[in-house]
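Below: a set of structures, written as structure tokens.
What follows is a pair of complexes built around subunit A, which joins subunit B in one and subunit C in the other.
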Partner chain A sequence: MDVGLLAQILINGVFLGGLYAIMALGLALVWGVLNIVNLAHGAFIMLGAYLSWYLYAGLGIDPFLGLPINAVVMFMVGYALQRGLLNLVVRAPMFNTLLITFGLEVVLTYLAQLAFSADFRTINPPYAGNSIALGSLVLPQARLMAFGVAVVLTVAMWAFLLRTKLGRAIRATAQNLVAARLYGVEPRHLYATTFGIGIGLAGAAGGLYGTVSQINPYIGATLTAKCFAISIIGGLDNPLGVLLGGLVLGVIESLAVLYIGATFADVASFSVLVLVLIVRPRGLLGKAA
Partner chain B sequence: MSNSRFSVAGAILAAAIVLGWSTAVSAADIVLGASVQLTGPSANTGRYYKDAYEFAIDKINEAGGVTVGGEKRKLALKLYDNQSDVNLSVRQYTQLVSKDKVDLLLGPFASNFALADSAVSEKYQIPMVQGGGASDQIFSRKFKYIFGTLAPASNYFGTTVKMLKELDPAPKSIALLYADDAFDVSVAEGTRPLLKDAGLSIAIDEKYSSNASDFNSLLSQIKSNGTDVVLMAGHETEILNFVRQAKSLAVAPKLYSFTVGVPSEDFRKALGADAEYAFGMAAWLPSADLKDRWFGDAAAFAKDYKAKFGYDPDYHAASGVADVEALAQAIENAGDTDPAKVRDALANLKLDSLYGPLAFGENGQIDLPQIVIQVQGDAIAPIYGAKGFVGKPKYPMPAWNAR
Partner chain C sequence: MTAARIALASLAIAVLAAVPWFGSDVLVQFGINALLLAVLAQGWNIIGGYAGYASFGNSVFYGLGSYGVAITMVQWELPFAFGLAFGVLMAVIFAFLLGLPVLRLKGHYFAIATLALAQVMIAIVSNVPLAGQNIGLVLPPLNNDPLFYELALGLLTAVTLTIFWLTRSRFGFGLIAIRENEEGAAVMGVNTTLYKVLAFALSGVFSALAGGIHAYWITFLDPESAFDISLNVKMIIMAVFGGPGTILGPVIGALTLSAVSELLSSEVTSVAGLFFGIVVVAAVVLMPRGLADIVRRFRKSGWRYFAENIKAHRI
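Moving on to the complex of A and B:
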């Protein structure tokens, strides 16, 4: 076996995993805290990608520099949606939350087609196709940057949840709502903030996705499925787990293409999912049940 | 009466218009039924068929319509949106023939749809002329009521392989990549023997999942193998990702060619300068030599089409127009709208159209040679046709950092 090729495939997998991780971060957060499996998560990534596209194509704002704009705009969208719509199902049975977020994903997707048309788009800053050569290895620049953003955001999320008052309140609410309320946490605002952060992360992920892939209104559903798998593999308790889950998935998919065949990438990733559910049902970094 | 009730009624009306329920149909009209992808993942190409069908029907009606037994009759279209869902499209075709009682059928886009939907036309014995499905599977079942105006999928790369043998420096090894659906599998199955006969070795032969968005592993293998030529049969979304990722991994084979995307304006818009050098194929180019009864010629058609819809027609649109024209001419030849008579007229049809000479083979499929094309600058250049080179190929493709 060609060692250079294997090393290249591993690098590809790690970069892909970083992108996966940042896409899944918001889904895992919302799932862990609000107990809502947000089936519209991929649709929000799609909206974020279009936002970046318009910022870049319309106003000339670099997609990486525009990420904070994405995050803030999508945070506001998420906050408002949670207060107005999703708060209705926070304590409802799982089925209701699935139904409402599925409906949301359908509505967002079709509104996106009306607003943006079915044209394929790409966010194509001059450096998007550049790469850095390391001997025989090639590091795609946009993916490297996306990977860096993913690591920074994951660690920032981790520190935020662990160290800040708001972050602790979010974790406390996830662990024990009654106790958190006794300590003065106002759940309505807190839930909306958490959902807003989740959607803000999806918005940022969309901007990154658009620089390495093509965008159309229908990319959401498959991305949601990926994020779902990563959240389960990584666990919901810890953003670092999500990063690990993304990396595991990225590397396994890349290796599966090399050794088994390209049609088996999804089979391999869902096999890992099943394996994790059997062996470590709370995720790779999750605490024992 | 509150305003909200009006707005609800308005919304329902709007939905009805969108879904085509309100298509005006007068008693004497000959109704053609179709279900195409107006929404969902295939909407990007599906809409070409809607535009093409409507454009052709309007044009034929402007010219007075179709002469049936000495009487002029207009054509009408009954169109549903199948939301890119095969199962829904089968139900809609069933509804078109059983409930809406349309006279004749036009097809959906894409082979897997045509494959499923042609079972309906066969069962109810209503001829379907479809220009969206090229897979050989559609025509290998001895169905009598399905006619296709796309060239056979198995031969999509036929002209390309011929060209490969005449290129200098001669390419040696080939990577064949294809998606796991009816059309692309047919392309791959047809291409393998062509490559073998041409003495070219297949270094990589890989099927991938239709929704794949990451090609980094495959690209790294192509680079590591030093493969000269990549032939890829897939969907436009995958091909866009493939090209972008090839650039970011600095993978530049001597030549790559794609079954779809390259002829469409959308492809060049999405990729910008990176679309350059991409090879593809088209069974149709808007040439003034292709004379047409209703549109004058193909060049005039392309001009009118662009003026009306704001984008250049590619072979999908021309194929869709050819479907309507084939039905119109067959009705006139049969002198009747009876499905069985129209079916026989279709089988014997000989019509020079803007799409090329329309004549269906024994299996119902047309046979048109593909023309190899390449993106050069911001236009499509014809490179290689049935009689050899018709343009100068930009070959081999330079490295990405040398452009």
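Moving on to the complex of A and C:
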């Protein structure tokens, strides 16, 4: 086996995995705190990708510099949606919250198709084709930058949840809503803020995704499925677990493409998912139940 | 069940069975689709509505049933009935082999594990030469829509009678006990593992039969359409829209939603998808327990019914 090729595949997998991690982070946060599995998460990633595309193609804002704008806009969308709609059903049985987010996914995908047409698009900054050579390895610049941003955001999320007052309130609510309320947490606002952060992360992830991959209105469903897999593999307790989950999935997919064939990439990742679910249902880094 | 109810049910079945004689071809074709969807919704009702396990793997049973018929008829050149039997056999084996580990999981985790299984099946079947790989299989055509219609209606009657039996049998009460409190059920002496796997398999048998009938009717299948996950989402929506854990709710939900989406797609094609999404969102907010619950409680509460639902689930 060619060691150089293997190293290159691993690098590709790690870069892909970083991007996966940032995609899944918002889903895991919302799931862990609100107990809503947001089936529309991938659709929000798709919307974020289009937002970055328009910022770049329309206003000439670099996709990486535009990420904060993207995240803020998407945060507001998420906040409004949770406050106005999802807070109404947040205590309903699990089927119902799954269904309502599925309904949202259908609506968002349809509206996106109407607004953006079904064409494939890519965010193409001038450095898109550049790459850095490291010995025999090739590091595509855009992927490297996307990976860097993803890791920084994930670590920042971890610090935010652990160190800030708001982060602590979010974690407290995830653990015990009644107790959190007694300590002065206003759940409607907090739920909306958490969902907003989740959607803001989805928006940023979409912006990054658009710079390394093609986008169209239908990418959402597959991305949601991947985000699920990553959240499960990594566990919901900890952003660093999600980062690990993303890296595991990215590397497994890259290796599966090389050794078993491209059509089996999804089999490999979902088999790992089922195995993790059965052996360690709380994730690789998760605490025991 | 009173004599009046039996008479009413028989009359409804008789009217539905007579559709091919007075209805148009389009109506019969719509009927086959709607009835098969109703079978799927009822099949899901057994595991999701009664046992309380939100399965996203029922489309796997459907796909196995489709491929059972296709492989038997195309590759082995055996009659349709053998194909149905083969599909059912595969579904039951799948339910036991994968049901055992997966049914240990609860809530979202179960839902997602089954979702993953469905994804894996697409990829596996795409690589099996016997199943035509990712190109699929073409079945010998049989242009006899009334026959398919009556088969679908017969299957729907069978699954509905099975569910009627569930509501009156020890097995059914065991499932409801598992849904309400699994530990409690185990303490009361319900063999929860066996009951869950049996419910999964029973649900799979009917889904596989529906898949088999659909495959022979459509005469073509490929992995993407046979194991389509959105079909699974559709059956859940139809069951929940009608009322999960009730005898007739999923049938009513499936027929209503099929009719609405058919009307919309013939009148205004482009907004059908959007409307479907909005109906789902509105239904979850306003009538989370389905049509069956509205019928029961609307008389007492009137329009306040909807406000009461929101009040019960908002934060």
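As a working rule, the second predicted complex is superposed on the first by the 289 of 289 C-alpha atoms of A that agree within 3 Å, B and C clash if a C-alpha of one lies under 4 Å from a C-alpha of the other, contacts with A are read in each partner's own complex, and residues count from 1 in each chain.
Definition applied: a contact is a pair of C-beta atoms (placed from the backbone, for glycine too) under 8 Å apart; a residue touches a chain by one contact, two chains touch by 3 or more.
None of these values were measured; they are calculated from a predicted model.
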Looking at the overlay, what does A:V3 touch: subunit B (first), subunit C (second), both, or neither? neither
Does the superposition put A:V178 against subunit B (first), subunit C (second), both, or neither? neither
Contact-wise, after the overlay, does A:T263 reach subunit B, subunit C, both or neither (first, second, both, neither)? both
So, A:L59: does it touch subunit B (first), subunit C (second), both, or neither? neither
With both complexes overlaid on chain A, does A:Y110 touch subunit B (first), subunit C (second), both or neither? both
After superposition on the shared chain, which partner residues are touched by A:G129: those of subunit B (first), subunit C (second), both, or neither? first
Between subunit B (first) and subunit C (second), which does A:S254 come into contact with in this model arrangement: first, second, both, or neither? first
Just subunit B (first), just subunit C (second), both, or neither: which does A:W31 touch? second
Pick out the shared contact residues on subunit A: the ones touching subunit B in one complex and subunit C in the other. 110, 261, 263, 266
Tell me, which parts of subunit B touch subunit A in their complex? 39-41, 43-44, 47, 84, 177, 180, 206-209, 211-214, 216-218, 220-221, 223-224, 236-237, 240-241, 244-245, 247-250, 266-267, 269-272, 274, 400
Residues of subunit C touching subunit A in their complex? 48, 54, 101-102, 104-105, 107-109, 111-113, 115-117, 119-120, 122-124, 126-127, 134, 229, 233, 236-237, 240, 244, 270, 273-274, 276-281, 283-285, 288, 310, 312-315
Can you check the complex and tell me which residues of subunit A touch subunit C? 31, 37, 85, 87-100, 102-107, 109-111, 114, 187-188, 191, 221, 225, 228-229, 232, 261, 263-264, 266-267, 270-271, 273-274, 277-278, 281
Subunit A residues touching subunit B - in the complex, by the definition given at the top: 2, 4-5, 8-9, 12-13, 15-16, 110, 113, 118-122, 124, 128-131, 133, 138, 140-143, 212-214, 216, 218-219, 222, 253-255, 257-258, 261-263, 265-266
